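Okay, so subunit A shows up in both of these, paired with subunit B first and subunit C after.
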Partner chain A sequence: MSLSQDDLIRLAKLSLLNFSEAELNALQPRLNQLTNVIAELASIDTQGAQPLIHPFDGTAPLRTDAVTEPDYRDQVLPLSANTADSHYVVPQVIEE
Partner chain B sequence: MHQLTLTQLQQGLANGDFTATDIAEHYLSRIEAHDPQLNSFITITADQALAQAKAADKARAKGEAGPLNGLPIAHKDMFCTQGVKTTSASRMLDNFVPPYNATVVERLQQAGMVMLGKTNMDEFAMGSSNTTSFYGAVKNPWQPDCVPGGSSGGSAAAVAARLTPAATGSDTGGSIRQPAALTGITGLKPTYGRISRWGMIALASSMDQAGPMATTAEDCALLLNALAGHDNKDSTSATQAAEDYTQGLQQPISGLRIGVPEEFFPETLSSGVANPVRAALSLLEEQGAVLVPISLPCLAWVVPTYTALVAAEACSNLSRFDGVRFGHQCDNPKDIEDLFTRSRSEGFGANVKERILLGNSMLSVENYQRYYVKAQQVRRLISQALTEALQEVDLIAGPTTPDVAFGFDDKQDPVSMNLSDTFTIGANLAGLPAISFPVGFEQGLPVGAQLIGGAFKEAQLLQVVHQYQQATQWHQETPKLGAAQ
Partner chain C sequence: MIEWETVIGLEVHVQLTTASKIFSGSSTAFGAEPNSQASLIDLGLPGTLPSVNRAAIEQAISFGLAIGADINQRSVFERKHYFYPDSPKGYQTTQNDEPIVKGGAIEIELENGERKTIRIHHAHLEEDAGKSSHEGFQGNSGIDLNRAGTPLIEVVSEPDMRSAEEAVAFARALYSIVTTLGVCDGKMAQGSLRFDVNVSVRPKGQEEFGTRTETKNLNSFRFMEACIKQEVARQIDVLEDGGNVVQETRLYNGDTHTARSLRVKEDADDYRYFPCPDIPPVVVSSEDIEALKAALPELPEARKARFVSEYELSNYDATQLTTERHTADYFEAVAKHCGDAKLAANWVLGDVAGMLNQQELSITDSPISAEQLGELITRIKDGTISGRIAKQVFDAVCESGKSPDAIIEEQGLKQVSDSGALEKIVDQVLADNPEQVEAFRAAEEHRQKRMFGFFVGQTMRLSQGKANPQQVNQILQEKLKG
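Now for the complex of A and B:
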């Protein structure tokens, strides 16, 4: 597995990250060092092994579908850099 | 006073030798004198600490003091603290003041502990050197030109320098144990789910686990008593009852079977690390333990498995940072995508961005089955091998790290950095508890040994290390700091 410059440009877009060409040039060998390590997995016999997603398999706990917390809006909204009334403000999304 | 352990400070408070306020003032003055050289704290909460100490003294006067009342603690800056900036050492969260406490913080606060401040770390807990923090690198108090390890490097350096008697840390691939080893302190990564992750800024959610860092196993046990236990707010929190982890510390370790995997002592391991660890194992043998040679070939797979999984989980967790609801927001975004992209690009450091790209690569349609699911299958095999080994022996032992603390200019490439966690990752993949404790020095730098136990066997790990520390003085060694205090 090897990541090309085009791969990195696509991944950067998917990741919502900007990189300069120089940054991508510096990143490419570092990422490919890591992908080379990951590629070692291919040689391991995993026939019959179920993926382990979580250290302890078990069912997710369920609780009653009831409100347990008060309204924290007044504490939470000020964490945003841009709010109006009780809303977050973002650039216009829908074209006029 | 700062040479006393948490347990000794507890005794001094009970005897009336000093007050919680005396202790807080002493440690705050040490932080003021020495932390400018170490950079182990991001935020120092002096006013809050003195207020909490005063409240603890009042509680004691009324006869309401619990075991941790009035004792100082520093929190890794990824545990949310109500009203106190919590950054995860990232520019992204430089302006983030949580409206709530993490369960870890809340439990210790309810127990009457006094928070001295928030400790430095690798950005978003990604790293083994504490060099990726937005707030600058942390220096190893034993040799300032060396790293303290990471990602809980600030907590480790602060405890080693006796700027606090104890701290909290988190461990995803070794982030409590590796810095504990590199700074000569004791650090426990409990079983996955033993301590609530609620309010802990996530790196890789299936491996992250909080834990105590202190000078002794006895102090770690004292802290674990308050930290462990089910939390409804964390759906992965274990429901097994917590226990009194201090109760069995004095028990002898006769007959305990300690497995020693040959893979933990490769030919490439330096004698400066291998010899002190083997000497520690010999001492445990003299104390009655039985050393059992074992083999765990699966340990060769832990680094590629961890590299794939941690990147995938981290990039998912970090997708919540969009510049809208909290955290860094770019100026004058021209559209919504520009808002997301520039906020993230300005807010995250280079190392974090690298991991996000790698993670998204793992989760891409081309690699998902081939590497991501494959890594989860290998994780199953590693977990099974460790669990099966722990049915034959009580504990698994070896060095915590392949080397002592390295220089700031060493290990620049990401693979070398991951290899420094090669002995610690297995416990995270399998969710098992593990502890690092000091067993000697190599060229003036501490060497740590690691014990891995069965699930929820924290008490046994703490007991063995406590017995070792009753017979040795390595945990009492302290670095000479620059400015006198």
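Now for the complex of A and C:
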């Protein structure tokens, strides 16, 4: 399996990453080394095998519906670089 | 000219009524200080693990049972990846391949009485995102994560609707079901129920669907109807001008009644779903499902049918009363108290609905209780007050909270049925209006009928609305004969 330049550009877009052409050129062979290793998995016969959702066979324990969490605002908001009026402030996020 | 057929499918986000979030013990209460209800789990901080809220699972199952769907006893939460600041984890925990509710159907009734079944593809559980505000942050956006992690079910319909009217009827029927079940508070202005509409058009008779667009986040039935009509007209224009409809996501602005393209979908969204390794599969037992089935309340369609047969209400009134569970409960309490379902329905759908609407209250916060309204209607029926005075008493009850009997007593509003007292008032009216009396007596019978109302009006006015109208009619008729 090998990734084309177009594949890389699409992956970068999905990951919200910007690369220069030089960076893409450097990245392409390195990523392809990785994908070649991953592609070996495709040689395994998985016919009829259920996907492994969790490493052990347990089921999710269910919690009683009750409010148990305190207000973390004073501890958590200061972790952000920019806040105002108890909001996290980020660059304008109206979609393109 | 080509005749076009509209095809509509809906995706509805139904906010559940749990006290805490789907994966954490944070409160879901609306209107709290920004970010005061976002815990370390909701924020996805390293080292935290989600734990699934039993009530959210149960509410989703109740919904599934109410629409006759299959309940997946084993459902799986997955991660849906996208980057947006209102989703702090970088993914939304949702269900994809194995949703909790599969299939099912909702019956709709159109205004002309026609019925139709709309199939449900599935309903899955997921967490809501936070909220972004774009104003007041100097060109930046402010993020409030209180809503992040609030449980939702997303109900996905099949593309079975063929007009805006059908889509609205479906939305209303769904609203009735979820509010009757109590799994959603139905507060649409607060975003408790949000609709995404998928619309396409095709030449009538063509089997293949046209290219569809998706308009997101409509939170009122009125906007939904207007938006669909507008989008259908736009698509037909594009096609008739020889163009192609582009598959895109659109955003409707309820203030300007216009929609704009948000993003064009060049290819299928790539959300890179995979099962959430933090949450093992959710498994529910047959016993739990049976217990939830046994606890289902009377559903809107059944209640409507019962209102028609038991109370002899019109289909229209029964529909209006059963759209929302609390309205139906209130009506039944009033009807039981006064023993007159028709009058009860008229008051609940008329004066009560008008007053609540004006004061922007829900029926559970009504300033007049069902018992008080029942008492008021009883006083009309037993002749203590006239219908006109009843409106005055109604307003006074709403304002003061006192009982109708107390207000009637305090304000001396009892209807005058004493014939001696009424005769005196009528005599006064006739004495004050000699010309009209003369004209009346000289007039032909068919004209007299029309002139009679004047004397009734004058008598009622002089009695300050307290005269018993039937008796006034009788006395006037006799006295006017001369």
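The rule is simple: the second predicted complex is superposed on the first by the 92 of 96 C-alpha atoms of A that agree within 3 Å, B and C clash if a C-alpha of one lies under 4 Å from a C-alpha of the other, contacts with A are read in each partner's own complex, and residues count from 1 in each chain.
In this text, a contact is a pair of C-beta atoms (placed from the backbone, for glycine too) under 8 Å apart; a residue touches a chain by one contact, two chains touch by 3 or more.
Fair warning: this is a prediction, and the values are worked out from it, not measured in the lab.
S.K.: Figure out whether A:Thr59 sits in contact with subunit B (first) or subunit C (second), or with both, or with neither.
M.R.: Only subunit C; A:Thr59 stays clear of subunit B.
S.K.: Taking the superposition as given, does A:Pro51 touch the first partner, subunit B, the second, subunit C, both, or neither?
M.R.: After superposing on A, A:Pro51 lies in contact with both subunit B and subunit C.
S.K.: Where does A:Leu34 make contact in the superposed view: on subunit B (first), on subunit C (second), on both, or on neither?
M.R.: Touch partner of A:Leu34: subunit B, not subunit C.
S.K.: Counting only touches as set out at the top, which of subunit B and subunit C does A:Ile9 meet: first, second, both, neither?
M.R.: Neither subunit B nor subunit C is touched by A:Ile9.
S.K.: Would you mind checking which one, subunit B or subunit C, touches more residues on subunit A?
M.R.: B
S.K.: According to the stated criteria, A:Asp71 is in contact with first (subunit B), second (subunit C), both, or neither; which is it?
M.R.: Once the two structures are laid over each other on A, A:Asp71 reaches subunit C alone.
S.K.: State whether A:Ser86 touches subunit B only (first), subunit C only (second), both chains, or neither.
M.R.: A:Ser86 contacts subunit C only, not subunit B.
S.K.: Which subunit A residues are contacted by subunit C in one complex and by subunit B in the other?
M.R.: In the superposed arrangement, which is not itself an observed complex, subunit A uses residues 14-16, 51, 53-54, 56, 60-61, 63, 72, 76, 82, 88, 90-93 for both subunit B and subunit C.
S.K.: In the complex of these two chains, what residues of subunit C are touching subunit A?
M.R.: Result: residues 18-20, 24-27, 33-41, 43, 51-57, 74, 76-77, 83-86, 132-134, 136-137, 139-145, 262-263, 270, 272, 275, 277, 279-283 of subunit C touch subunit A.
S.K.: Hey, which residues of subunit B end up touching subunit A in the complex?
M.R.: 95-97, 99, 192-193, 206-207, 232, 235-236, 238-239, 301, 303-305, 307-308, 311, 315, 322-326, 329, 333-342, 344-345, 348, 350, 353-354, 356-358, 360-362, 364, 367, 370-371, 373-381, 383, 413-415, 418, 429-431, 455
S.K.: Applying the document's contact rule, which stretches of subunit A touch subunit C when the two form their complex?
M.R.: 14-16, 51, 53-54, 56, 58-73, 76-77, 82, 84-96
S.K.: Which subunit A residues qualify as touching subunit B in the complex?
M.R.: Going through subunit A, the ones touching subunit B are 1, 3, 7-8, 11-12, 14-19, 23, 27, 30-31, 33-42, 44, 46, 49-56, 60-61, 63, 72, 75-76, 79-82, 88, 90-93.
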